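Let me begin by presenting the structure, written as structure tokens, before commenting on it.
In order of appearance the chains are A, B and C, and numbering begins at 1 in each one.
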Amino acid sequence: MRWLVASLLVFILIAPGCRQQEQQKNGKLQVVTTLFPLYDFAKRIGGEKAQVSLLLPPGVEPHSFEPRPEDIVRVNRADLFIYTNPVMEPWAASIVAGVDRGKVAIVEGGKGIPLMKAPEVKGHEHEGEHAAVDPHIWLDLDNARLIALNILAAYTSKDPANKAYYQQNAAGLTKDLAALDQRYRETLAKSSKKVFLHGGHYAFGYLAKRYGLKYVSASAVNADSEPTPAKLAELVQLMRSEHLNYVYTEELLSPRLAETIARETGAQVLMLSAGHNLSRDQFERGETFISIMEQNLKNLQAGLQ
Amino acid sequence: MNITEMLSYGFMQRALIGGSLIAILCSVLGIFLVLRRLSLIGDGLAHVTFGSVALAMFFRLQSVYLTLAIIPIVLACAMGILKLAQKAKIYGDAAIGIVSALGIATGVMLASIAGGFNVDLFSYLFGNILSITSSELIIAAVLFVIVITGVCIFYNDLFASTFDEELAKSSGIDTDRINAVLVLLTALTVVLAMKVVGIMLISALLILPAVSALQIAKGFKTAIVCAACIGVCTVVVGISLSFSMNLPTGATIVIINFLTFLCAFAARNVLRRS
Amino acid sequence: MNAALSAKNLCAGYHGSEALKDVSFSVTPGDYIGICGPNGSGKSTLVKVILGLLPPTTGEVSLFGTPQSQFKQWQRIGYLPQGLQFFNPHFPATVDEVVRLGRLAGKRFPKRFSREDALAVERTMEWMGISHIRGSMIGELSGGLRQRVLLARALVNDPELVVLDEPTTALDPETRENFYKIIYEMNREKKVTVLLVTHDSATIGKYASHLLYLDKQVIFYGNFDDFCNSTEMTGFFGEHGQHLVCHRH
């Protein structure tokens, strides 16, 4: 019996090690990212010289994610660990705390990008530094560009030899982002409606601000809080007063709230993805941050016409 | 915001009707469950439903097929709780605990192995009474008819078995079958109503109205009717109050239920002294 | 005439341990059998096997000539168990509801209560002297009253065979005497067969016609005269022990 337990213990200790051998052999930079936009950018900039992975499994929402021991081990074995900011991924702090900074470079993707305040939920006003903050910075395409540059800086400092390669890839990415930004500007300027309503949590503040739109969401910044019936009634009234024919729903989480509002007002539901993470099908289709945002633009154009 | 305005919204109407139907179901079943010390079976079966949903998603089932697929799984687990309690020499509450833990763990395990799903699995645990669709209302109505009919048909047997199982058996009642009927009706209620009102409300509605009714009712039939009334009232009051005071609906209903229990408890003490 | 109850070579037990070994006896309708024995002698087990609540490992039981497994006429038998399994003092049933439950025995699906049932309940409650508390909650009654309610429940169908498992252990002497009187009346006047399990072997001699003495096996079965004249029993119980049982008879 003791023999069995001993061999079981040995097996458990060795098994992960075996997988590790494979990873380090291919000589690429090991990069671990937390959210999909970071994953997408890191993959594009790193190209063939980096192996990038995403901590969130497909279909999982970051607000309900809990890192497993395997995740922490993976970060420890990486060269780069990229997260957005401490507000977006509070669980990243526990990973970062346990990491050997000599080996792993911790990259805050949102470094240097000012955070916007999120609208207060009535009755839950916070004071001073505890005011609710909107951490979804990447939905302002200029911020996305800055994030890409932060990632580039991380790559070049870890692997200066391939600096030119990374710079070239980053340039391509930022060019595409700028072009996308331009398309957003032009298209949304032509729209007749300037308000959009989202049945999910508050994520599109940055996007709305950049293009001069008004944005209202059913839930607050924290995805856990559920809207009160009074809030729902308020949203329904807003739909009616602004004559909105479309309401948006978020990715991965339940579309029920958006559907309820739609049913009440005779509107239709369209998807507006904040890009936190993709579903399994979307990964298999090879969607990128830019392709997701293009789809968003199409849906915004349709909804705001 | 007044009542007419509140009732003008379709989602409020559906919440009130659907909530009331489910409240009556849960309160009535709750009397039997609480007296048999199976109170937490609602919670346990909700966790089993979570695991079953993960299993169905694992096989890439969606929407209607998903719901149809999980019903037999949850019913089977409900029977499993019964069998565990009988054969493994443990009381009902431990049997529920075992199956409940297994349900959640299966869900988490499958989610991990599958490498993720298309929809966040955990959001399945939290329904929202404000977003009941018309088809879900119909399901709630059908469920209502099935469960109430079942309870009416088997009422006397259920009463006898709940009072004392051995005594019931000596009257020629097939107590194994009656226990199965009760547990299966509960399982059906949990599976279908969980998506509509979420795990918190289901658990609470199965226990609280029954316990409040038991504080003050004199007589078994009275207790059942009383529980049903308390269930409906707390749901209606809870929804209305959450509307006018801008509070989350599910939690408000649960708090109202607890306050009702306190009142019933106080009333019982006052009555006892007189 | 068919035996009211007959047992042949019964062996039964729980989880491997044997509680009854090779028990055989036969009961004529109208008999009043006192089932006695020390603690752990299998008295309650015997009752459970007779009523189909516990399957025997070997042997057979027949009720009114029908093998136990096929017996369905439960309204002919009234059962008062030793203690309710998990008696909940807050159980919300009224006395009326509990007594009426007895009428479920032998009913077919769907089980509905009729006017006839209501009348039977009234009658029985009058007879047992509990009509005045018909609306009270069963959990709020004293032990003695509760036993009376449960006895009423057992008798509401006017059964031919009544099985009582230690019905008076928790009662005070006066209530106990009352109890025994009622049962004795039933046995004398209505010719109801009575099986009464008690560890009080001293008092049983006063009412019962037969004695079944169990200690996992049948030590003695027969009428009291036989018991009192048996030298074998004197040897088993000692003179004093035998006298205790017999002096009342």
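Rule of thumb we're sticking to: contacts are C-beta pairs under 8 Å (C-beta built on N, C-alpha and C of every residue); 3 or more make two chains touch, one makes a residue touch a chain.
Because the structure is predicted, anything quoted here is derived from the model rather than measured.
Set side by side, B-C and A-B show the greater C-beta contact count at A-B. When you average the Cα atoms of each chain and compare centres, the chain farthest from chain B turns out to be C.
A straight line joining the Cα centres of chain A and chain C is 74 Å long. Our note on geometry: chain B versus chain C, Cα centroid distance of 40 Å, whole angstroms. A straight line joining the Cα centres of chain A and chain B is 37 Å long.
Within the complex, the chain B residues that touch chain A are 1, 5-6, 9-12, 15, 111-112, 114-123, 126, 128, 130-131, 133, 239, 242-250. Those residues of chain B lying in contact with chain C across their complex are 35, 37, 153, 156-157, 159-160, 163-173, 214, 217-223. Partner chain B is touched in their complex by these residues of chain A: 56-61, 64, 68, 122-123, 225-233, 236, 252-254, 256-257, 259-260, 263-264, 279-281. Across the complex, chain B is touched by residues 51-53, 72, 74, 77, 79, 81, 84-88, 90-94, 97-98, 101-102, 104-106, 110-113, 135, 137 of chain C.
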